[in-house]
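Look for chain A in each of the two complexes below; its partner is chain B in the first and chain C in the second.
So, the complex of A and B:
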C-alpha cells in the first residue's frame, strides 16, 4: 500500500504525467458539473426530446467561438417576441379588434441567417384570428409576407414560403429579405422592422408572435441536424465514458488478477481449465460477439459493458498475470508461509496478489481509454445505448448525417477531440506509472 | 506427554521421489531426492546435515517440515505420525531459510510478518497480545529498540537483520523444532558467527530441537552435537561433531574435510585431493555404494554391486561403507 502511494507521489516528477493528471482532473470536473447541472432524466429528455424542445434552435449551427477568428462574423439566433414590445390594441367595432405590434432588430452580421420562422399563438373561442405581416428593410423597402388565419398555435416557416421565394426573384427568403440591393451577396446591415397587423374577432381574444431568425452559430458546441445542442451529448458523454472505462478496467483487471493467481496456486486441473477457457476465448473475436448481443438482445450500455468485462477477463491479462505468478509462487516467503500454516486462500490473497498489484496499476490506467474507445466504436457502428447521449453516438449521428460530406467538421471533431483527450490523459499517466512501478518489479 | 520414548522426531526409512513426466502424463522416471533416510532427534538436541549441493538436504528438510508428502517412510513427531497431526504441527516447527531477503514478503512490515503466524495459528487473539509477543521475539533476536523495527519493510534492513527477522518468525509460535536450511550461507562472514550464536542461544533458552543444514563444515562446531553426512540422497556417516571432524571414516567425509579452506599460507603451494568426477545423478544413481565411481578405495565386486549397510566401527559412529564391514576401523592405508 505504501509502495503504491509512494509510486503515485513519484508521478510529480514526470511532466507528461502531470499533464495527463490535469486532463483527467478536467474530465472529472466536467463530469461532476454535468451530473449536477443536467440531471440524468433531464439529459435524456433533452436528447430524446425532438422538435418540441429544439424547434427554436438552428439546424447544424457551428459553435459560436468560430466568430473569434478574423473575418468570421456569423449570426447568432435572434428571437423577438411580441410579448416584449407594446402592442397597440384598437377596437374596430363589431367585435373585431386590431392588434398591431412592431418587432425591431439590428442585423449586423455579414452572413445571411440560416432560416426564418414565425410562431403565432392565439387565444380564441371559435373564430380564428387573422394576421398580416410586413417586412421593412433598413433602406425602407417593404415586403408583404403572408396573410393568413391563425389557429391556437401556428408555425409560419418563412424560409419555405415558395410564393415569397418567387416574388424575391427566386432567392431563398432568408437571403432575399436581407440582401443588399447593391451587393446581393451580402446582407444589408441596419435596423429591420417586422410589422404585425392582427385582427381578432372575439371578445378577450388575443394574439402573439415570435420571430425566429435562426443563426449560423450556437453555444459552445453547435447543433446537429435535429437542432439538438451538441453540448448536452458532449457533456453527458464525459461521465458515461469515464464510468464505463473506470468500472470496466477495474473489474476486468482485478478479476483476471484473482483468477490468474487462483489458477497458478491451485495448479493442476484448475489451472488447466482456466488456461483452456482463456485460449478458446482469445480466438473468439470480441466485436462480432458484441454485435450479436446488440442485434439480438439489448443495446443497453451497461449490458454491453458486462459483456465486454466477461470477454476481456479471460484475455491476454490472464496469461501475463499467470507468468508473473508462476515466478512468485516459487518465492521462499511463500514456502515460509506454508511452513507456518497459511491456508491456500490466504496465500493467494495475502501473499501472491499484493505483490502483483503495483504491476497491475499501469495496465489498469492504460486500459481505461481503450474501453472508452471500444464504447465509442460500438456506438459508431450503431450499437450505442438507445437512450444515453454519448460521444460515440454523436460521431454516429455525424456520420449518418453526412457531416464530413456537407462540411460540418465541428460535428465530428468535437467528440473525436474529447475521445483523444481522454486517451492522451490516461495514457500519459499510465506510461509514467509503468516507468515508476516496473523497474522495481523486475526484482521478483 | 504422549508415548514419545524421549524422542522429539523420528524419521523412519524416509523416501521422497519426484516423478518425471513427459507430455504431462507419461511417467519416465523419478528423481530420488531422499532415498531411505532414518534418524531421530531428541528434544533440545541440535543436529547437522552436511552434503554437497543437490544431495537432497533441502528436500529432506522440507519433508520433515511437512511441505512435501513423503513417498515412503514416516515422519514421527512426539510419537505421532506427521500425516495425522494436521495444522497443529505447523505451530510446532519453525523454518529458517537460506535467502533472508527472499524469505520475507517484501510488501509486509516486520510487525506484519511476525504477526502472520500468530494470526494463522490463532495463538495471540488480540492485537495487544500479538504486539507483546512480537516485541518479545524481536528482543530475543536483538533487533532493539523494537519500536524502530516494527514498521520497517524487509528492504530497509541489512542481510543480518533480515535473517534475525526470519529467525524471529520461526520462533514466534514457540515451536519445539527448528529446521534451519543453510541459514548463514548467504550472509557476510562477519555476520555468520553472530547469527549462529543467536540460534544456539535460542535453542538453549527454549530447549529447541534443531536441524541445521549446511554444505559448510566450518560453521558446524558452533552448534550441533551430531553431524550426518549426506551423499546422493542417503546418509553415509553419522557421528558426534568432534568424532567426525577428528576421525572421519567414510572416504567421502574425508574428502569433504580435506576441502575445507584453511587460512594457512602454506596452502598456497599445495593442492588438495578432491575426489574426481561429479556427484551422481539422482535419477539413475549408481549401483551399490553411490560413491564408488569417485572413491579411491573402491572394492571391485562389492562396492559397485551391493548397497553398503550402516556399520558401527566405534560406539555412536555409524558409517555406510564396505571398508568397515568387519565392524572396526581397518588399520591399513589411511
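So, the complex of A and C:
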C-alpha cells in the first residue's frame, strides 16, 4: 500500500501526468456539478421530454460563444410576449372586444434570424378569437401577415408561410421581413414592431401571443436538429462515461487478477480450464458479439457493460497476469508462507495478489478510456442506451443528421472533444504510472 | 481448433438466442404472405375464413422452406457444422452485387476491399512505427523523442473516431477528398483511372487507422528498443566495436522481432473489430459495413457468416503468428514441447 501511495506521489514529477490529472479532475468536477445541478430525472425530461420542452429553442444553433470571434455577430433567440406589454382593451359592443398589443424589439445582428414563429394562447368558450398581425420595419414599411382565427393554443410558423414568402418576392419570410431594401443580403438594424390586432367575441375571453425570433446561437453548446440543448447531453455524458469506464475497468482488472492468481496457484485442471477459456475468448470477436447482444437482447448501457466485463475478463490481461504470477509463485517469500502452513486461499489473497496490484494500476487506468470509447463506438452504430444521453449518442445523432454534410461542425466537435479529453487525460496518467510502477521502464 | 469450434458455437447460440429471432422472422413471413394473399385478385372473392386458411398454409410452407420448423438447438448444430465449412446457406434479404443470395458469395465479394484497406494501413503502420521507434530509441531525450512520449495518449481514440474528424477536415471543410465510398460514381472506365479513384478514396480511412495506431506504437517500440539496448549482449557488441547499424539490425532488431510481431498481431486483431465502425463511417463496401447492414436487417445467416469469417481471420492471424515465430525465432521449433 505504501508503495502505491509513494508511486502516486511520484506522479508530480511528470508534466504529462499532471496535465492528465488536471483533465481528470476537471471531468470529475463536471460530473459532480452535473449530477447536482441537473438531477437525473430532470436531465431525462430535458433530453427526452418531448417537443414542448425545446420548441422555443432554435434548430441547429451554434454555441453562443462563437460571438466572441471578431466579425461574428449571430443573433440570439428573442422571445417577446404580450403578457409583458400593456394590452389595450376596447369593447366594441355586442360582446366583441378589440385587444391590441404592440411588441417592440431592437434587432442589431448582421445576420438574419433562423426562423420566425408566433405562439398564440386564447381563452374562450365556443367562438374562436380572431387576430390580425402587422409587421413594421424600422424604416416604416408594413407587411400584413396572415389573418387567423385562433384556437386555444396555436403555433403560427411565419417562416413556413408560403403566401407570405411569395409576397416577399420568393424570399424566406425570416429574410424578407428583415432585409434592408438597399442591401438585401443584410438585415436592417433598428427597432421593429409587431402589431397584434385581436378580436374576441365572448365575455371574459382573452388572447395572448409570443413572438419567437429564433436565433443562430443557443447556450454554451448549441442545439441539435430536434432543437434540443446539447449542453444537457454533453454534461450528462461525463458522469456516465466516467462511471462506465471506472466501474468496468475496476471489475475487469480485479477479477482477471484473481482468476489468474487462482489459476496459477491451484495449477492442474483449474489452470488448464482457465487457459482454454482464454483461448476460446481470443477467437470470439468482441465487437460483433456486443453488437449481436445489443440488437437481439437489450441496449441498456449496464447490460452492455456486463457483457463487456465478461468478455474482457478473459482477455489478454489474464495471460500477462499469469506470466507475472508464474514468476512470483517461485519467490522465496511464498515458500516461507507455505512453510508456516498458510492455506491456499491465504496465499492467493494475502501474498500473491497484493504484490501484483502496483503492476496492475497502469493497465487499469489505461483501460478506462478504452471502455469509454467502446461505449461511444456502440452508441455510434446505433446501439446506445435508449434513454441516457451519452457522448457517443450525440455523435451518432450528428452523423445521422448529416452534420458533416450540412456544416454543423460544432455538433460533431463538441462530443468528440470531450471524448478525446477523457482519452488523453486517463492515458497520460496511465503511461506515467506505467513508468513509475514498471521496474523495467524505470531505469530509462 | 477446439477453441474455434466452441467459440463458433457460442456465437451461433447468441445469434439465435433460443428462438427470439425466429419469432421476428415468422412475423415477417406472416405479414408478407398475408399481403400476397389478400392482394391477389384470385383470392379476393373467397370468404375471410377461407383466406385465413390459405395464409396459414402458405406460412407453414414458407417456414418449412426456411427450416424454421425444427427446434433451434438442432438447427444450431447444423448451423455450426455448416458455418465451419463456410457453407453458410442463403441470405434472406441482402444480395451480393452480382445478385446472388449465397452468403459465401456475398462475403467473398466483400473480402477483397476489406483486405486492401487493412493490409495497406497495417503495413504502413508496421514499418513506419518500427523504423521511427528505432530512430527515436537512438536519440533518447531529444525533442522528437519527448514529443513521441507526449503524443502517445492520442492513440486512445479508435480509428473511426479519427475517421470522423478527418472527414470533417478534408471532406467537409477543405472539400479535397471524398466523404466515403470506394470509387467515384460512375466508376472510371480505365483500369488506371479505377485504381487512382480507389486510391483517392482510401486515403482517409487508411489515415484514420494509421493515426489511431501510430502514436502508441511508436511509443511502445521506442520504449521496447530502449530497454533492450541496455541488455548485456548489446553492450558487449558495442564494446567490441560493432558498427551502430549492424548493432541495431543484428543485436537489437533480430532478437526483439518475435515480441514486436506479437504486439503487432494483437493490434491487428483489435483493428479487425474496429472495421465494422470504420467501414460504416467511410461507407467502404467491405465486410465491416456488410456486418452493420446485416445487423440492421436481422440477417442471421450473414451475421453468422461474418462472425465465422472474423473468427477465422483471428485464428489465421494467431496461426500465422506461430509460423512467423518459427521463422524469426530459432529457439521455437515445431513439434517441441510447449513451455509450461
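Note that in this section the second predicted complex is superposed on the first by the 439 of 444 C-alpha atoms of A that agree within 3 Å, B and C clash if a C-alpha of one lies under 4 Å from a C-alpha of the other, contacts with A are read in each partner's own complex, and residues count from 1 in each chain.
Following the convention adopted for this analysis, contacts are C-beta pairs under 8 Å (C-beta built on N, C-alpha and C of every residue); 3 or more make two chains touch, one makes a residue touch a chain.
Computed from a predicted structure; not experimentally measured.
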Handout entry: Simultaneous placement of chain C and chain B on chain A, clash or fit
Key = fit
Exercise for the section: May I ask you to decide whether A:412 touches chain B, chain C, both, or neither, giving the answer as first, second, both or neither? Expected result: second
Practice task
Please indicate which partner A:340 is in contact with in the superposed arrangement: first for chain B, second for chain C, both, or neither.
Solution key: first
Handout entry: Where the C-alpha centre of chain A sits as vertex, the angle toward chain B and chain C in the overlay (nearest 10 degrees)
Key = 60
Practice task
Look at A:420 in the shared chain and tell me whether it touches chain B only, chain C only, both, or neither; answer first, second, both or neither.
Solution key: second
Practice task
Name the contact category of A:32: first (chain B only), second (chain C only), both, or neither.
Solution key: neither
Practice task
Kindly classify A:354 by the partners it touches after superposition: chain B alone (first), chain C alone (second), both, or neither?
Solution key: first
Handout entry: First (chain B), second (chain C), both or neither touched by A:89
Key = neither
Completion exercise
In whole Å, chain B and chain C in the superposition are separated at their closest C-alpha atoms by 5
Problem - Residues of chain C defined as touching chain A within the complex - result: 2-4, 6-8, 10-11, 14-15, 17, 20-21, 140, 149-150, 152-158, 160-161, 164-165, 167-168, 171-173, 179, 219, 223, 226-227, 230, 266, 272-274, 276-277, 280-281, 291-292, 295-296, 298, 303, 306-307, 310-311, 314-315, 318
Completion exercise
The answer for chain A against chain B in the complex is residues 2-3, 331-333, 335-343, 346, 350-351, 354-355
Practice task
State the interface residues of chain B toward chain A in the complex, per the touch definition above.
Solution key: 62, 65-67, 87, 90-91, 93-95, 97-99, 102-107, 116-117, 120-121, 153, 166, 169, 173
Completion exercise
Given the complex, residues on chain A that touch chain C span 16, 20, 276, 279-289, 291-293, 295-297, 316, 369-370, 373, 376-377, 380-382, 395, 399, 404-405, 407, 409, 412-413, 416, 419-420, 423-428, 431, 440-441, 443-444
